[in-house]
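What follows are several structures.
Note that chain A is present in both complexes that follow, paired respectively with chain B and with chain C.
Right, the complex of A and B next:
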């Protein structure tokens, strides 16, 4: 069990037009060519040409999401900046690697190398907000965002920090899409996606919207372990299945992994509304960020996002939320969330 | 020489990702670093790469680089005198 993290604000930039409104109640954008691609914000509102030239596509997107998240929370300087990413800025990684090959490991451009590092975005956020406190990026595939959240919970648990900006960021490139295609990532129904998410979290519930009551990480579990983990999670918080108002699942249409999600769905009572989101975002290492963003925004507005509803339940409140996501059967995460009253 | 300076400005704009900037906006004799275009130390590394890839010129002494990269005019003169391709 973790110390609760209280989320005060959340921002998302995805393939859906959800950034400016911080909402997803409008009609959704379909994917093209088996890929969901970012709807990019208007950068001229945030940066000069001289600033933009040093920023990759992904650092621009991530920094804009971070800026708006802090603005929403009314915070100028967070006490920590914690992020997670599966692959970081792939565009610049590829540019740098191509240059190594093209120029026979000779003189290489520094900018793509700088941008390709996983913590480039964290550095930019720190520079932009003049924050030189704790600043870390976790790169753990389908556990990346969750490690950032866990670190924040630990730091707040021992009073090292009182708040943190926490986020995740991911992009897809043409080349990486093909690599993953060859590895069989898209062969059974999953669609490629990308998304950046930022959350301002604090140890105090004042002004907060949503509490992350608990977070469980399971690596390559068998189905019985998942079943046990969900039951244990609910029991630890004195909850019954009928107490769960909303269940958010990371189903990604990949038929190889439906059975994992079925394990939880089968336990739900008629009270629970079941949501899924990857039909609008696609699959990526840190897709769980979308589930957490959607949960925060739905609790804050008191409205479910209609485009996510798979099965409507009888409960009319959005108080207890269970969120389960897994990444290609390796990393499984369970979130227990609660509206802050 | 004027045509070469224009070409060099285009190469600088591309190498430094100065999106939206036109060659006419860069003064031939204005300082590239600090004042003028306002470039910094990472830009100087990008310019070293530009010189080596486009003209076969290797700049290994940073003090030498400081003089060469003073302005577009000083760069153009140095390249014309030392280019290997």
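Right, the complex of A and C next:
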């Protein structure tokens, strides 16, 4: 059980055209090859050409998502910045590895090295908004965003902070796609994806849209453990299955692991609408950010995103939401979400 | 806030394997810096390094049980430190909720970089590419968690040079707010061509042994290593019966928005991190008996850290030194390694000298401890400052 985190605003940049509208009504971009690739925002609205030159693809995307998220929340300076990323700026990591080889460890441009650092985006967000604050980055694959959220909840729990900017960022490259292919990531139905998500969260529910009521992280659980964890989560919050209006699952068509999602689907009553999203985003370490973004936006607008509906339920409200995501059966995360009234 | 007790420590650095090996060298004032033997780089002899003086194979042969680990220098260093961390304490019942908060800057880069360019050739198909998963920072943590029975809760922090100090803080919060009963926190980094060239491109490496806080300092030396602390709550102590070695009494993280790599000259972030950590411990600056400084010996860091120390402590700066002259800068491991040194200082009531020091910085005029010294120590402040303005400070106190 955690102290609830109240989300006031949420932003997403993904392979779908969801950034400008902060909506998913136009979701229709297909993947190319086996990859969903970012629709990049119009950077000229945010940065000068000189500023742009100093940033790489992922830091630009992440920073723009953070800027708009804070703007939506009407906040100039958050009291903390916490992020999660599986791989950080892969383009920079690779660029620096190539430079080391090409120039045989000679005189190198330090920029890719600096930007490959996992906390580089956090520093940039701080610089851009002139925020001196608590600042940290979690790099644990499918748990990355969740630890940023959990840490923020703890910091609010002991009143170190009252609000925070929390986000995740991820990109895919040609080289890393091959590596993941060799590691078997794409062999059973999953499609590669990318996404960056930012959330402004606060201790207080005033003006907030969605509450993260609870968060459970499970590493390599067996199926029984997942069943038990979901039951315990509902019980701890005095909820019955029919109370769940929306179930969002991280199904990615991987035939090896999608059965985990069935464990929850099987329990649902006809009341619950079941949603899935990876057919539009692809799979990546911090894809759970999409589920949280979609939940926030659907609650705020009172409308489900039609492109996500797998099975329509009878409930007409969007009050209690259960979100389950797992990354190649290693990191499993369960979110219990509730609309703020 | 409830107390956070430290009941186990484990460490590997250029000074050797284990707490005793470290202390022997620290007391004798013997640095571990020298040319690198195992690092695959043209710079191996150009700069001194704090390299752990064993091959990866030798390290593996020393790990009590290693069946769940990958053949990785990163994991070997961490496993040796973790194994030692658990020698202090008794096993616990299943009702104890425990976890691992690890830290690293580049994960298994050392293990991958020599083979990377073959890996990215699509036509190059190996039967087993599991080793390539080490590129993920999470992978090492997960293998270690499986090996040491810490799979119930785990994560990995990466905030450059302050990574493991932030891991320790997160662990403390997890205990104090009832998420876990005990947690192993720390960090690991192994020397890589990637990082060596990164710091070299920033012109931050000294060709001689580093000279922290000296007016003639000329950069840092990179090192490698791992260190972990076992943190427990009061409730966990009652079950485990473990005896605390020290108390983590204060901690703070404070990022300054100044520059992507350089700290502000006046050390705003460093000042706030130290001040807040001391406040969190319910102490005053005058209560601090010794500062284990970040002291990388780069022009920027020591200037800003020195200014911040001056501003916070005024004319009453406690004895301070940087132990990076012994181990090199071990990046994500540094916060935890220096936490172990701080705990050793508290246990033995002694402080370790900053090795040859000649000229104080004219602007600040601070002189680090130059000789091994025994004195009464109650509270030690340990600093870890990093890229992106990320500053973290920890306060360790005697258990009595």
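Criterion: the second predicted complex is superposed on the first by the 340 of 341 C-alpha atoms of A that agree within 3 Å, B and C clash if a C-alpha of one lies under 4 Å from a C-alpha of the other, contacts with A are read in each partner's own complex, and residues count from 1 in each chain.
The working rule: a contact is a pair of C-beta atoms (placed from the backbone, for glycine too) under 8 Å apart; a residue touches a chain by one contact, two chains touch by 3 or more.
Just so it is clear, the model here is predicted, and its values are computed rather than measured.
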- Query: Per the overlay, which chain contacts more chain A residues, chain B or chain C?
  - Reply: C
- Query: Can A:262 be said to touch chain B (first), chain C (second), both, or neither?
  - Reply: neither
- Query: What is the contact status of A:108 with respect to chain B (first) and chain C (second): first, second, both, or neither?
  - Reply: both
- When the two structures are overlaid on chain A, which partner does A:52 contact: first (chain B), second (chain C), both, or neither? first
- Query: Who does A:40 touch here: chain B (first), chain C (second), both, or neither?
  - Reply: neither
- Is A:204 in contact with chain B, with chain C, with both, or with neither (first, second, both, neither)? neither
- Share the list of chain A residues that count as touching for chain B in one structure and for chain C in the other. 107-110, 114
- Message: Can you tell me which positions in chain A touch chain C when the two form their complex?
- Response: 2-3, 81, 86-88, 96-97, 100-101, 104-105, 107-110, 113-114, 117-120, 122-124, 126-127, 129-141, 143, 147, 150-151, 154-155, 157-158, 175, 178-179, 181-183, 217, 219-220, 330-331
- Message: If we count contacts the way the header does, which residues on chain B are in touch with chain A in the complex?
- Response: 15-21, 38, 42, 45-46, 48-49, 52-53, 58
- Within their complex, chain C touches chain A through residues 1, 41-43, 104-105, 107, 113, 116-117, 119-122, 125-126, 129-130, 132-133, 135-138, 141-142, 145, 151-160, 166, 170, 173-174, 176-177, 179, 193-194, 197-198, 200-202, 253-261, 268-269, 272, 386-390
- Task: Write out the stretch or stretches of chain A touching chain B in their complex.
- Result: 49-50, 52-54, 103, 106-111, 114
